[in-house]
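In what follows, chain A forms one complex with chain B and a second complex with chain C.
== the complex of A and B ==
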């Protein structure tokens, strides 16, 4: 087992981010803790509304109103981000942490050329002249394999394809050589071939720079392909996390099992299974385990007692009573109680 | 180059618009009840004399003949003769238009200069005291009618406090107007270096400008606020923040330019409307602009004057929108000619 303390880059402890709406408090991120390691890509998986993106926004402290980080710690490379001032946080963003967004075209300002936009970020960071920043921007565009960057630098976002815009975003995010790269579903709107190119780009840059990457997605296929570790979120909580190979071979949480089972596979001839039911209303979460209404194995304890994150293997934890053996044990006890008279 | 072609195209499009407007306004002014001839006759005028006056005014001819005669006047550029001022309508309008233009333009500039920053501040410091203050002021602004506001300002700022001169037109009664160069008193007195007229005309301008500006300011501020809020909530602002762009740059570089697009159309709409003369304010402040001229002409059924005024208002409206379209073209790269 590796010494985790040596290469931990980001540590999130007991993060709580709530949204104070008129209807009530939405606990979008509820007691979330995880570690990100240098040189590793960690996938953050979950359905829409599971709190993936809010986690990322909380790291950057860019949660939009009425959302608020209520409690928790975020440590980046030994720096306590939660105690940072507004100005200190601004210095972290775009330098130590950068982010790639889901909709590349919406994430670029429509009124400025892409060269201007990359150049400005460079200029802000390096404090160099405008022309130097522009040169740097063009280099960055070349690095993310944008053909003819001299000309493309003068293009406005609406004049470029979605894939091209995402390359621009990647160039902007990576120009900082960030310690941490957050990619929030960066390939959702892109063609499959372009997707692969963008993913490859991210992987190459992260590996060569030795930075960490938090890769938010709902596509388990991409996780299997790209990531070393995976964190599964459900209803604002982490329900399972661990190394990708371990999780895919031995998923312990029924939700993770359901996600993997519902992934389309070409090599196995079986109908696609789905997880029954829907994501619970964020305002009226079920008691006990948040997943129990949809869980095929749910037993009585699941309804009133929420499980802890429990060790389920090497660096593998899951939030399920099955792991502790509690459900199984009770089932066994029950089975044993039924069988007992027959033995006699 | 493409911009110039676009402008030329738009100017050519103006012709059919004006032709349509001319027909509509001609018909409307002629079918409205009331016979202008009777405004020229006394109690002892004989029917023969009335017929003679009618013939002299050209009102004995068929409607389409009258229209063609008027159209010829329009083509000639003098817009026909006003029965009341006995001068060409074009001359009448040109003499009065600078008064309207000066009032409207200064008022709009004041409204923009105050409304845009106020709207931006309201959005940036949402739900703060400044937002609440600006929202209350603008709520009053959008709900109070301009004639009442004008009278209130006259009562308080002239009658009670004597800060501003009486609402007696563009300049003090004892001050002679500046030599006419542009017709705009502020500009002309500056050009001729006549400080006394400059100060007098500026003082007389203050109250009507204040009234007009306050009425216009309110919707501009509200529109600016909501537009700014929308832009600040957008993904590219979030992305800029994530890239470590400081707040000041976010507001003034990234957001403002985008947020200005929506209020721009509204400003054009208001300006186009006001240039056609704000009848109420010109009347309250005895402002000798084209709005008051139009009002007086309508009352006495001075056909040529009314028609000439409407035609001018239509041209101004189209020109303002042309300018705004050009501005959009310059600001927003997504718009192509």
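== the complex of A and C ==
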């Protein structure tokens, strides 16, 4: 079923992460399974509240109370992360898996220079002296194209621009040569010209190190430019996944179609299409298919029966009754463009 | 020079805004956030002001409404010169010019119900009776696609998209002529963004509104604006009709900005791009010449001369680049012309200071 040459690095099976709030249980990640391959960048796409970031936190076991990983397996390179002790997990974090956060300024410690902070990662991993660690840190800063790394290593995070801080984060995350790099919206809040630089950097570093990358974003443009594979999440569930070319040319889930249709493009003139309604309240998810209240194709079975993830092409799966043939409707690209400007 | 038919409704002439920056206990330097900005917006149309963070687009927008005092320059709305008005007179004018803010949640008072939020502008700027105000508030809700039972709710009970609808309703409450939209959709999810953009376009048609649309997102600008002005470090570097700017960008900065926008189509992944090295320099103590000099692949000696002014590219298209006369390649991928005079562009030092 899967391509032979692909080398699985991370396997997530039936992951469930719930948040136990006063108002009820939020199923932030609900039965999520996917594979990440070595040397590939996988895009994890979804709107706010779809469970993208919680998936990443669950891999690292950094879910904070009242959140809890209820069930599921996470295998990294043959190691069962769910059965790891606290100390073993600590050894995984930052060495085998490292993470780039959305807000670089908030993720860096304001009291230490960036050179010290990168050096500390190196020191922890290699057990080398401080001066060696610093040399290595400057090397890393040069590798992420920070001009004048000798001087910039002595700068505190507030002295650097957002783009520069994000480079420091990338340097820090990659200095341990991790097997898996998780980037959680690393370019949100950066200007487009700087975003292009950071994306280039992540691409070249991941490719040259042969590691895997889980790239969390809400921007389909970034996915199209950077990723080999795409996972689309909606309301805590994976609704579609597959190779990037497949997903963009032949999206099978109506939500994926709607996302692609509502993404504005600078190169093409087209009417503004929208997905009607809003993301459902996580405490009161609809029955059946979680997307049916907003779906232009929805029919009766969609209301009470949740579809399974089904094969929709080579390495391409989707969670929709249209794929299973339960409901018979031809999906049309115009469906979204023709949507009346309905309001919630 | 200009087309005779579209009568400019908003006219900005040489707008300038300086902010003092303290550098020591007794000394300060001036940061020129908006530098000699001039543009017109015809009635009922939208001008997009686009640029990266720190380029002065929000400051310019706020100066237009005199939420900030411009250092110099003229702002005309119709026959009225706004810069001449005293602050009491400006307060009276506020009903005619409104603003929609970027952060929909943060711009709504959390302790006021939606009904109270929407009544406030009516209390301040109109002489309606209580009954008429009630009616107007209900009308506003249906205009922006909200339900009458939403009136007694508080802002936190709404989603981001609905909060922005409320922000729009508040802005149009007093039947303004002119609205500054400051990144109205950048905090919203993709699927909701389209709904707000449609609402804004629909209201513009119904009410004949004139918009200044401030955004860093070129794809949003392309789909909503009639004209676009591109700002870099306080100056407008290129201005013109939307089709002109997106179809034939002339200033190297516009070209780089456009080619950096990711395109949601994997087959276009390998398209050539004009990349700008380095980052936006500090806006304090800038040299008099072209602002892009430190990052421009086409730069040459003459770029260090003061200026350049906005040069005519086409009837409705001007760009502030001395290479306009020499015809910079519009695709922005052939900087070989510049190579004849200077060395390989990227080998030059990034910060000439």
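The criterion applied here is as follows: the second predicted complex is superposed on the first by the 321 of 344 C-alpha atoms of A that agree within 3 Å, B and C clash if a C-alpha of one lies under 4 Å from a C-alpha of the other, contacts with A are read in each partner's own complex, and residues count from 1 in each chain.
Throughout what follows, a residue touches a chain if its C-beta (ideal position, glycine included) is under 8 Å from a C-beta of that chain, and two chains touch if they have at least 3 such contacts.
Predicted model, so just to flag it, every value in this text is computed and none were measured.
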> Quick one: chain B and chain C on chain A, clash or fit?
Replying inline: fit
> After superposition on the shared chain, which partner residues are touched by A:164: those of chain B (first), chain C (second), both, or neither?
Replying inline: second
> For A:109, is the partner it touches chain B (first), chain C (second), both, or none of the two (neither)?
Replying inline: first
> A:91 contacts which: chain B (first), chain C (second), both, neither?
Replying inline: first
>> Looking at A:156 after the superposition, I want to know if it touches chain B, chain C, both of them or none. Which is it: first, second, both, neither?
In response: first
> Of the two partner chains, chain B (first) and chain C (second), which one does A:121 touch, if any: first, second, both, or neither?
Replying inline: first
>> Taking the superposition on A as described, I'd like to know which of chain B and chain C A:101 touches: first, second, both or neither.
In response: first
>> Once chain A of both complexes is superposed, is A:289 in touch with chain B (first), chain C (second), both, or neither?
In response: neither
> In the superposed arrangement, does chain B or chain C reach more residues of chain A?
Replying inline: C
> A:202 contacts which: chain B (first), chain C (second), both, neither?
Replying inline: neither
> In Å, how small is the closest CA gap from chain B to chain C once the two complexes are overlaid?
Replying inline: 9
> Where on chain C does chain A make contact in their complex?
Replying inline: 52-53, 145-146, 159-162, 189-195, 197-199, 201-202, 216-220, 222-223, 246, 256-258, 260-269, 273, 275-276, 278-280, 350-351
> Hey, which residues of chain A end up touching chain B in the complex?
Replying inline: 60, 62, 64-65, 90-95, 98-99, 101, 103, 106-111, 120-121, 124-125, 156, 158, 169, 172-173
>> Residue numbers of chain A touching chain C in their complex, please.
In response: 47-48, 147, 161-164, 191-197, 199, 218-226, 244-245, 248, 258-260, 262-267, 269, 272-276, 278-279, 341, 343-344
> Okay, in this complex, where on chain B does chain A touch?
Replying inline: 126, 233-236, 238-247, 254, 257-258, 331-334
